[in-house]
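Labels A, B, C and D are assigned to the chains in the order they are written; within every chain, residues are numbered from 1.
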Amino acid sequence: MNQPPLYMDRPSPAGHFGDFGGRFVPEALMPACLELESAFVDAWSDPAFLEEYRTVLSEFAGRPTPITYLGRFSKQFGVEVYAKREDLAHTGSHKINNVVGQTLLTRRMGKTRVIAETGAGQHGVATATAAARLGLECTVFMGELDTQRQALNVFRMELLGSRVVAVTSGSRTLKDAVNEAMREWVTCVSDTHYCLGSVMGPHPFPWMVREFQSIIGVEAHDQLTRRGVATPDVVVACVGGGSNAAGIFAGFANTSARLVGVEAAGGAAVTNGSPGVLHGMRSMLIQDEQGQIEEAHSISAGLDYPGIGPEHAHLAASGRAEYVGIGDEDVLVALQTLSELEGIIPALESAHAVAWIMQEAGRAIPRGASVLLNLSGRGDKDVAQVREILRGRQ
Amino acid sequence: MKSLEVALRALRESGTTALVPYFMAGATPDWIQHVAAAVHGGANAVEIGIPFSDPMMDGPVIQRAAERALAAGTTLESVCTELSGADLGVPLIAMTYYNLFHHRGLVRSTGLLSGAGVRGAIVPDLTIEESQEWREACAATDIATIFLVAPSTTAERFARLAAATEGFCYASARMAVTGRAEGGGDAQAVVASVRATSDVPTYVGIGITTARQAHDAARFSDGIIVGSALVETILNGATPADTEEFVSKFRHAIDQ
Amino acid sequence: MNQPPLYMDRPSPAGHFGDFGGRFVPEALMPACLELESAFVDAWSDPAFLEEYRTVLSEFAGRPTPITYLGRFSKQFGVEVYAKREDLAHTGSHKINNVVGQTLLTRRMGKTRVIAETGAGQHGVATATAAARLGLECTVFMGELDTQRQALNVFRMELLGSRVVAVTSGSRTLKDAVNEAMREWVTCVSDTHYCLGSVMGPHPFPWMVREFQSIIGVEAHDQLTRRGVATPDVVVACVGGGSNAAGIFAGFANTSARLVGVEAAGGAAVTNGSPGVLHGMRSMLIQDEQGQIEEAHSISAGLDYPGIGPEHAHLAASGRAEYVGIGDEDVLVALQTLSELEGIIPALESAHAVAWIMQEAGRAIPRGASVLLNLSGRGDKDVAQVREILRGRQ
Amino acid sequence: MKSLEVALRALRESGTTALVPYFMAGATPDWIQHVAAAVHGGANAVEIGIPFSDPMMDGPVIQRAAERALAAGTTLESVCTELSGADLGVPLIAMTYYNLFHHRGLVRSTGLLSGAGVRGAIVPDLTIEESQEWREACAATDIATIFLVAPSTTAERFARLAAATEGFCYASARMAVTGRAEGGGDAQAVVASVRATSDVPTYVGIGITTARQAHDAARFSDGIIVGSALVETILNGATPADTEEFVSKFRHAIDQ
């Protein structure tokens, strides 16, 4: 009576997905992690909470996001591509799904303040947004380098009533912002929730964030079914920490669909990394021979993370999902191609997934195969950067 | 019982409140002289920080020290080599983040530490829940695993952590990372919570920056850990002689 | 047997709304206007066309957009405000509704190219987007001054495969871009459709664009009904040319709702203008004593138009709708207020409507009244400008 | 029949192809001398452009002329005053956009024009459909309303426009705004379409920039309108004498 393994189910009680996950945090934070876990477990089985979460997503954040058949793109590349349009969600990416859930949970736990880390600013803006809506105080930690590169997003967060703290330690980028948010959290766990931005960190974050993002995959499955393509041949998403990928995979983990996560080649934790412990989790990390964490390098700030969520590490180890790396050049071409053919300027992050389809159509993706692409965000945040790059070449 | 705990219990028996200064290995070329000077100044044990790229539990001073140490090429191996060449005369306790051990493999790591004479390890991001493999690796060695407790620790966890810790129990004086001294600490309550469940030596750290604070904490604990305040003077150019003076000032304050 | 007048019905055969509208174009364009009119009349009664228009809006552009109850804002100002979230539509504003309709019509007419005018670039980006999706060639005319002020939007259009022509005549802003687009259209009517961006221009544009935008009001009416507030006391929208206002008014024109259009004080064609003829229509215009058209001045480029759509002129003249002006200072405060209280950064255009609510709550809007606010677009395009202004003051 | 049409029909009877140069009133301080010079050079009538802020039917040259004229303070009133003081000896035809008349009121506007001796009006954005009020206002005066036809005009509209136009019918040589000369025009076909339905004099304009083109168009039409090419020389500093020469060159080309 061999049951096939059930993918993307609950992690073990200690928060393990196979060999990965768990909790690697200062003792000072353990009670908060435990409190959060039980609050989430409780909320996630409370119909009133679920109802409120879904209502806020639909009435505030614009869910369900549509599925767009990419007609001209499909024709050009000989595969049938459907895009899940997270770029149309409020604040411009899937990040809002998670923060809506976490801020509602914050209020439910009786906390009045959230903190968050952010790289390019997408998760920071999303958190500031959801916090504003509920009147929660909000502080966002952002590497000093990123505050300079993304000054407009800093201003956006400020407009939304948040305080942005520039983190001056380490590489002054995303991973340092996570460190600093954790440090801050130690000092204020009693009234503050740490609103982590991806399927990473200590248990229950990887699981909780995946659950809050799984609405992407659940919707997509339902929408495709109604169009007669219930199970696509391939489901593809970009992977930074891995929340948008986890969200869409969740709808197809136990189907026949091939699951593909696309990392930035310069930050490919699965392809180039090894197991390690960082930011509260055991997962795949980019590190040097000494076990020092390396900086990820990518054209897209949102994928500039040296790790990956532990459930992805497990999906990779178990063979259920594949992870591939795509380089910056291909990403730029993909962004331009999708813009011209479909009138959708994707985020640089999402363009990684587009580039993979362009590269593999007719190869790893058989001609005519159906592909569900998670278009995790819109490219408006990136056009200034892309413009500079392309102009520099003329 | 690991030799560290035997030694520290004996110290307590002798009526001495332990003084445990913290050093970041490799932060300055003469770091090991600073350690030796601290022993002269009256340290009963020393914490040797091994630099990690992402020191989640540390404040700005120790972060800076770690960055300097890493920039100077410090590795776990280089620290162990230096330590094994030195004869410091007090128990050495390594302090770093779990990934450095995880990455090398736990048996190899504990072997390195043991070979360098290290008798204890503080791994602030290693929760008791995740510590089984590590403790198994240490079981074959004389390395004590020291757990932290914090003001937020719950009664049930106090009991488990105090039971599991070896050498001493590290009581965070406040909800903070290293180097933050503002605000009143809860050290006394934390120590009392440990004592309610165990007679393991209980040392106070995190937030002890002045001799005055050390003196006060010595009234209700078995030992004092001082880190950022000392590391800062070293980063600012203190000589080993300055360090000896710094430590002996704390020594006197504690003993008064 | 007095029938009450039916508002926002079809205009007269010659395209008049009361005293306004009509066709004031060079003879060379008359056949194109007539062809367009009959093509639109035909398409708009063709279930297949309607179906395609609605499908593209839902599967590509993200309709229906939600209605968000603005809880904290409502509480603060003592009125019940519901926001229609056109900011969540693809490309960030209601403009997409119109261009989806017009590009489908372009293809139906057998034309292969569109031209458009744009001020800040919103309509230009929307047109470029819809054209890309259908593989239509696209040229956008933009005042030279605006191409400099909105260089990123120029790049966006180029990414989408459009050509942007900087217009160097006149004030080098929106009205000159319209002139230039008309001039261009004269030369290429046979294969090119002029995709006008608001309820203005010669018949059938004001009517057709209103029809394409009426989905806003139709959806909103339906959504409010399902929430039990079928007829709000007030419906308020900002007015540049007037397309978003016309779109939402269309759902409530024949109800008891008060309709309020908010113009920029520096371009208030109804309040400060007089009847005149420009850009193919007779409407209310800002002009000097000589009948020369004046430049509009507003903090929001999208309201920098010296006229208003003719149907609005008629709604004003007939008393069915009111038009008010709001100054730049109040707009800035409104943008900040909505951002902080609700986590929605509105477009500067839309912030005019927000500001009016803030000003009139408890006055012209009785305490507790229900207000439907058309949030015509998102503020992302404006944050750089707002930041400069606010920083300049520190 | 308005006096303009009587005059122009007589001109045709006499075997002369009309030459109608266009001037932007107020574009230069001496603009009216240019008009007088053109009459010396052989113009049979003149078009007087009255500057409007948004000249939708005009290309860059006439736009620039209008901007200059407006910057110099030119108004419909100032133009009429200047014209009524001049005795130019040929019919004057005003050309401008409808808003200037609409804004002043049609009766007041036609009164102003009449008082200045204007005998015809070309209002390119006034469609025949919208022209009733205007034509009613003109009915009480001797101002002829001149309609344009274009290559895109349909048969049904040719008939209506040719029937409605007074003085002459203005045939656009090409689908373009003023001042564009590229590409072959459809002028001959347009003129033929008018002739198929009416015997009103039919003049060709829009796209006539060289004497050669004027010569060619004169072979199949009753008159030639030349605008941008002439305005451009004036904007570039031509003197009235230059203008006279320019016009007489066209005159000769037409008459050859």
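Here is the rule we use: a residue touches a chain if its C-beta (ideal position, glycine included) is under 8 Å from a C-beta of that chain, and two chains touch if they have at least 3 such contacts.
Since the model is a prediction, treat every value here as computed from it, not as a measurement.
> What is the shortest path, in steps, from subunit B to subunit C when you may only step between chains that touch?
2
> As a test of understanding: of all chains, whose mean C-alpha position lies farthest from that of subunit A?
The chain lying farthest from subunit A is D.
> Find the geometric centre of each of subunit B and subunit D from their Cα atoms only, then give the gap between the two centres in Å, rounded to an integer.
96
> Rounded to the nearest whole Å, what is the centre-to-centre distance of subunit A and subunit C, using the mean of the C-alpha atoms as each centre?
That gives a centre separation of 35 Å.
> Where the CA atoms of subunit A average out and where those of subunit D average out, how many Å apart are those spots?
66
> Taking the touch definition from the header, please name the shape of the chain graph: line, ring, star, complete or other.
Shape = line; chains linked end to end, path left open.
> All pairs of touching chains?
Pairwise, the chains that meet the contact rule are A-B, A-C, C-D.
> Hey, which residues of subunit A end up touching subunit C in the complex?
58-60, 62, 65-69, 71-72, 85, 87-90, 92, 128-133, 135, 152, 155-156, 159-161, 335-336, 339-345, 380, 383-384, 386-387
> Can you name the residues of subunit C that touch subunit D in the complex?
Subunit C residues touching subunit D: 14, 22-32, 169-170, 175-176, 179, 182-183, 186-190, 274-280, 282, 285, 287, 290-293.
> So in the complex, which bits of subunit B are touching subunit A?
Against subunit A, the touching part of subunit B is residues 52-60, 63-64, 67, 70, 75-76, 97-100, 102-104, 124-127, 129-130, 147-154, 157, 161, 172, 175-177, 180.
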